[in-house]
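Provided herewith is a single structure, encoded as structure tokens, for subsequent inquiry.
For clarity, chains are labelled A, B, C, D, E and F in written order, and residue numbers in each chain start from 1.
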Amino acid sequence: MSHEMFLGLYVFVLAAFVGYGVIGGVPPLLHTPLMAFTNAISGISLVGSLVAAGAEHTTFSTALGFIAVLCSSINVVGGFLITDRMLKMFRKRGGKNA
Amino acid sequence: MKIAVPKEVREGERRVALVPESIARLIKKGVEVVVESGGGAQAGFADDAYRAAGAGIIDSRAALLGQADTVVQINVPVADTVAAMRPGATSTSLLFPLAHHDLVRELRDKQLTSISLDRIPRTTLAQSMDVLSSQATVAGYRAVLTAAQHLPKLFPLLMTAAGRIDPAKVVILGAGVAGLVAIGIARRLGAVVEAYDVRAVVKEQVESLGAKFIDVGTQADAQTAGGYAKEVSEDFQRRANEVIAGHLAEADVCITTALIPGRPAPRLVTAEMARRMKPGSVIVDLAAEQGGNCELTRADQEVVDNGITVLGPTNLPSDAAKDASRMFSRNVEKLLLYILKDGRLDIDFAKEIVRGCVVTHEGKIVDTQVAESVGA
Amino acid sequence: MSMTAELLYFLASVLFIIGLRGLGSAETARRGLLISEVGMAAAVAGTLLHPDIVTYKWILISAGVGSAIGIAMAALIPMTKMPERIALSHSFGGLAAALVGVSEYSLHHQTVAHSTMGALGFEVLFGGLTFTGSLMAFGKLQGFIPGRNITYPFQNQSNIAMFAGTALLLVLLTIWPSVQFFFYLMFFVAMVLGVLIVIPIGGADMPVVISLLNSYAGLAASATGFAIDNNVLIIAGALDGASGFILSVVMSRAMNRSFGNVLFGAFGKADASAVAALAGSQEIHEATIGDAAMLLSSGQKVIVCPGYGMAVAQAQHAMQALAERLEAEGIEVKYAIHPVAGRMPGHMNVLLAEANVPYDQLKEADEINDEFAEADVALVVGANDVVNPAAKTNPSSPIYGMPVLNADLAKTCIVLKRTMNPGFAGIENELFAMPNTVLVFGDAKDTLEKISQALA
Amino acid sequence: MKIAVPKEVREGERRVALVPESIARLIKKGVEVVVESGGGAQAGFADDAYRAAGAGIIDSRAALLGQADTVVQINVPVADTVAAMRPGATSTSLLFPLAHHDLVRELRDKQLTSISLDRIPRTTLAQSMDVLSSQATVAGYRAVLTAAQHLPKLFPLLMTAAGRIDPAKVVILGAGVAGLVAIGIARRLGAVVEAYDVRAVVKEQVESLGAKFIDVGTQADAQTAGGYAKEVSEDFQRRANEVIAGHLAEADVCITTALIPGRPAPRLVTAEMARRMKPGSVIVDLAAEQGGNCELTRADQEVVDNGITVLGPTNLPSDAAKDASRMFSRNVEKLLLYILKDGRLDIDFAKEIVRGCVVTHEGKIVDTQVAESVGA
Amino acid sequence: MSMTAELLYFLASVLFIIGLRGLGSAETARRGLLISEVGMAAAVAGTLLHPDIVTYKWILISAGVGSAIGIAMAALIPMTKMPERIALSHSFGGLAAALVGVSEYSLHHQTVAHSTMGALGFEVLFGGLTFTGSLMAFGKLQGFIPGRNITYPFQNQSNIAMFAGTALLLVLLTIWPSVQFFFYLMFFVAMVLGVLIVIPIGGADMPVVISLLNSYAGLAASATGFAIDNNVLIIAGALDGASGFILSVVMSRAMNRSFGNVLFGAFGKADASAVAALAGSQEIHEATIGDAAMLLSSGQKVIVCPGYGMAVAQAQHAMQALAERLEAEGIEVKYAIHPVAGRMPGHMNVLLAEANVPYDQLKEADEINDEFAEADVALVVGANDVVNPAAKTNPSSPIYGMPVLNADLAKTCIVLKRTMNPGFAGIENELFAMPNTVLVFGDAKDTLEKISQALA
Amino acid sequence: MSHEMFLGLYVFVLAAFVGYGVIGGVPPLLHTPLMAFTNAISGISLVGSLVAAGAEHTTFSTALGFIAVLCSSINVVGGFLITDRMLKMFRKRGGKNA
């Protein structure tokens, strides 16, 4: 394994632990918004797609990239918006425990 | 249509069949109501309150009964009352027709329509008209109070500078409406409560009130389709009594409410069982009128035997006359509103409730069970 | 990578984490969302600086169209269709990851390093699987594909075999990266596997599967990160992968099923026996503790309808504790006491007084029946006959004409009971099958306590 | 030393000063106990139980009193009893010496040592000997039961098929021991309870039982160093009464327990205030013996005025004779054990409690306050 | 670094994280500890493979001696001296980090890279600060140094100035790594700063500071990791740094103090005004919600002594909820009801019955007084006079001779009250100052609810 | 900043988040054991010290290394042992919530 790859592994494992840890703190009440939210985050594949779509290496790769950008941006934009819509349902209240 | 509410004539009765509140609502439906003067006084409803509700006040009982299309009372009508009514009129009251054959014949012969409030079927729909339930509620409450009043100790557990006062132990036999209410009230007063009933479904209900169900070994399941209990074998009863005796020996209070419709009250507490209770203990027997669940019970008397006080009150609801009247009145109101059509009673035998509670109508005994029992 | 891009990626990674942490409570959730959005913007900005990008034309068009679709979907899809939308979205995500992988491979299959090939392979494998699996889930939820679990002999065995097959192909590919056949075969098998994995799963368990597919989508993104050596992808993917995985474990646990069942579709059978039998002929909507908690806490007015089941469960204290919690959050709670609820007159009064519910919160049926229409939630705690709308609507019902609580008129009705058994009157209750009703099965005390905990 | 427990002679009294339990413990400390035959019967303690505890049973009252070193009773001794006692013996009972001057003189002249149980100081240490507290506990409990028994409605809120029964509203005036206990019991029975007292510290105590404190505007703070109340100005009382009247008009039950030691009971409920209550309401006045907190009160009578029932029971603890006797007995036992030394009473005036409760000793009135009041 | 070492370090990092997560619940904590121990072994093993190591002689000797001391300390120090031990230990940790930094610098100060120098500087700065700061904390707790907060004019200002000074030196050093004077001056100032930061802090707040110093020790270790490019050091240090920091924030919040106060020692004054005034002449031990929860849950038998304060706080339901939770964990709970607790006969009975406490858990004083000696915890909920041992021991006390609850005989006594005010009898209660007594101030209902939450 | 250093930063930040996240899940009840535990973990400076002590570059550095190893090993060994001792106080129980 390359040293680069190894560092990537550190990063991956640590990030996975972070993700794991975060869920412990999310109340069941937010599980559905959470699913929408992580769905939006998984739109990060946009980062990969953008290069594929913009690099114009081959028509094939550009076409694939094009579709990938399309799909990812639906996820990113739609995902964030819909999460917001869901979270808006939780009005702010004056209650002490709120 | 004119509804008449006479004063109750039963001795010691303080309730009244209709209270001003109900009357006001009935009048809105287009009926007239007249009340015998002083009819509600003992329940806390003055003539003025009736007038304010729109009822007429009539001094003469005979006049009142003579002009009525419908007479509403609580207790089983006495012969005089029936005699004073117009033929074709309706009598609404408790009737217990299976136990009052002569009265039923009289009602039939006088061409009276008689509604027997005790025979309203126990369907979900009819619950709001069920006077047995509502009065049993009051009886259950008063039974606990009566027991507490006669018990020379306190109900709740108290740990004080003057020592520890143990909670009263209360055993409730028969957990129908009155029994369940008694469980709830006794628990609220701090007693430790155990209860027993012959119907198996009651176990869950007793526990749903936080009390303990007395396990007599094999639980009978003596429930009829109508939800009432049926008689159990003598042998079973004897075995059950043995278990109960053990619990009674530890108890300070025993409240019995066990009944089987149309039958003498089951004997759950023999004289010997009662005497084995602690001195000062109290038994309140709500089945006194039907012969009592306890052998020592004498209706409406306070029997003291071996230091045990046995009470057989037959009219506990009358002790809380105000609320009991309110509830009774509300039941009757619901029933009348259910039967009323265009300002008059519409005896429609297509309706299950009507079929259940109308005993005589147009010179006939319409209830087949009653007819059979009366033998006509 | 340029220093600017590197910093932007770093920033994005941190913002994603902070944003995700914000989801830990309802108050910080929206702020967390905003932070993540900024993170996403930073990541995109960093990428647009990439030296390989020669034209923005295709990017602009596809991103524009994609955003428009995203906006439309977010605005138009009703809240109740959320699981469907998320499933569809996952399938897009999986497709995107897979396509990027295919595109990379198509360019570099001759020169790619073994380790990079491993990453690319993972990407395509998980991308493909997520793509078809999510599409299946979507179809099932939408009703295009039969919702009931479909089973056939040796289902698990064949799935495991196929999974082993793709894994083998991946290994082969890592050893001989240039064999294109392996690559495309693996891609194909992964897609088939996605379909087969989801087929046996029944409707009620779909949320667990969707969350799992979310996790796969994350892993695909992470693999992309490894392939193109980009930390933000690794991190965001890992966040997704881990959280999705844990979430599906948590959810399956909340349904009292082991997660093993979920992975191998076997619980399709548990589903068949339990839930289906429960429902009888009625088509009911079962909800999780979390759903119930969300519904309760997102309302402003809750009307509790207690019944005999509350008494049996001795749930009065738990109910009062939940009401207190809701009130602390500013939600109005009232109790609608039906005159014949329970098994004795005043049964509910006795119990609720024991639990110290203030008298002024107790309302009689007549008094409160008009308020149900304004209530966000009617919480039916072990009541049945007294909330049966047949009494109002069905003249042939034995209880027709009895006044009942209008629980059916509340925006949402949450029913707590143990089974689909009828109440005292022994009749079916169509309230349970109404579209705005959800059921949470279990002992009422237990359920109420869990809901309280979920809101803590 | 021989302790004698005569039968109580007060009319209607069912309690007994020492119960077998206590006697057994006292005997272990080396004293002898004799009990008048049938002394505990009405409280549920048979002669046999006393014998089992080691007490002697004596039929002749005169013989019993004549041989006693210490006579223990509940009620204020009657002249006959004092006369029958040996000079130098000790009389332990309630005495209220400030109200019984002649009796005090007699005790002094007969060279009796008299212990006045009502004068035990209310220190933390003496609480276990405080019969006023223990009997007030029973009185508070019985007061609620008595009210419930006479009220023609139910205490708890019930929503039934026969309509809604509102909870009884109970107002408690004077929240000392009896008042606080009554609050607790009334709340347990489901009533909505409000209470008022002239001492400011009581507000927190009332609230600590979950009841509402009636705010009369400016709260007086009429607490003496000893923890008792002192009289407030007429003007203040009038203004307070106005507020109270408003609460009474809404109430179903009023229980009054206000007392100021050595003074007539404060007048908290005027006749007019009482008559403005709802028909059927009940007032239970625990201060009847001291003239009553309510103007309509007649000691030990049931007065019905304008539909309002006013009860002035003066001996409620006797109604729960068993537990009340147990508590009284435990108090006396603790006191005797505290004073006993080597099997005899050791009247040691260095002890605060002894100083507080011994009124006459060796032919002198040793309590200066009493001496002043008696004027000797 | 060899591949083996690299793998061992990676393994160690993962094991540390998993181990730390194990601390999330009492059941998994010991397993977590074991996992971390394996991680530590892996890290050490990896290090021992380091090519620079030429002899194991010194290592063996020092590690052997160190381990012996560690074992001895662990075995001999009583549980109650835990804060002292941890403080001392931190000071060792800080010293070790600082010394490694000095040693590195002494070897490479001519050749060191700027960025590495920054890391080295951090290491020495935090190491030094932790070393002296922890030593001070230890001294204060042990009583070598006056425990009360020591203040002097411009304290905060001078501390801030010194902190700025060290920061400046660090910057200078990063620019000119070879100027040894900067390095040693910074080290020195950091050590002085450590002393000055801790001086103003009162005894009650020491746990917060110790946790913060823990965080600094972690940062020092992380800096070492950067300096020698070792991920396991970075990770373990960051875990420590973050968790220590958060823990100190959490703890100060639990004491109702802002964390700002903690950092700038100002709360030394709050301490003076509040806690000191509370305690009067008595030397009392205040405990946090967490301490109380730990004490309760680590026992097997808890006896609750309720008093008038429970009634005032209307805490009976909260008490019952806590008891239920403890019982669910297998702990036996009984209530000791003193005959004159409260303000009326049977006051506690009425309230506890309202909260549905089963009668058989209520014990009279006589009945239970012998059991206190076997109880792990006596939980005094708003009682005072009825648990005053003066009644047993002090013949001049006005309550001498009254039977009281033997709360003082339990292994630990936890007292819940709001202030140091006396009870009804108006007399001092020496129970509160006993060595096995801790007080948690606040409304009893509130405190009980928080303890329940801590145990959830 | 070097790329190495940058990756170190990723690792540091992620690990810090992990540490941060873990605390959220630790019940107050375990705060004291947690302090002892992280104290033991901070003995990881052993890794740095060992090299210093074993490399014998200069006497000075060896001496410092020697002391550092001594200190760190006290922490590691003592810290783990004492944490264990504390945690042993939490007996295992049959309770349902245990």
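Just so we're on the same page, a contact is a pair of C-beta atoms (placed from the backbone, for glycine too) under 8 Å apart; a residue touches a chain by one contact, two chains touch by 3 or more.
Since we're looking at a predicted model, the values are computed, not measured.
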Chain labels contacting chain B and also chain E: C, D
Chain-contact steps, minimal, separating chain E from chain D: 1
Required minimum of steps from chain B to chain D, each step between chains that touch: 1
Higher-contact pair (C-beta pairs counted), A-C versus B-C: A-C
Maximum centroid distance from chain D, chain identifier (CA atoms): A
Furthest chain, CA centroid comparison against chain B: F
Distance between the centres, which are taken as Cα means, of chain E and chain A, whole angstrom: 38
Whole-Å separation of chain centres (CA-atom averages), chain A against chain B: 69
Intercentroid distance (Cα basis), chain F paired with chain E, Å: 16
Inter-chain centre distance, chain B versus chain F - centres from mean C-alpha coordinates, in Å: 76
Where chain B touches two or more other chains at once, by residue number: 127-128, 133-134, 137, 156, 158, 160-163, 165, 188, 190, 210
Junction residues of chain C - those touching two or more other chains: 13, 17, 21, 24, 231, 235, 339-340, 345-346, 350, 353-354, 356, 456
Junction residues of chain A - those touching two or more other chains: 1, 7, 10-11, 13-15, 17-18, 21-22, 24-25
All pairs of touching chains, each written as two labels joined by a dash: A-C, A-E, A-F, B-C, B-D, B-E, C-D, C-E, C-F, D-E, E-F
Chain B-facing residues of chain E, complex: 337-340, 345-346, 348-350, 353, 356, 359, 362, 364
Contact footprint of chain A on chain E as seen in their complex: 3, 6, 10, 13-14, 17, 21, 24, 231, 235
In the complex, chain A residues that touch chain C: 1-2, 4-5, 8, 11-20, 22-58, 60-62, 64-98
Interfacial residue positions of chain C with respect to chain E in the complex: 317, 321, 354, 356, 453, 456
Touching residues (chain side chain E, partner chain D) in the complex: 308, 311-312, 314, 339-340, 342-347, 350-351, 353-354, 385, 398-402, 424-425
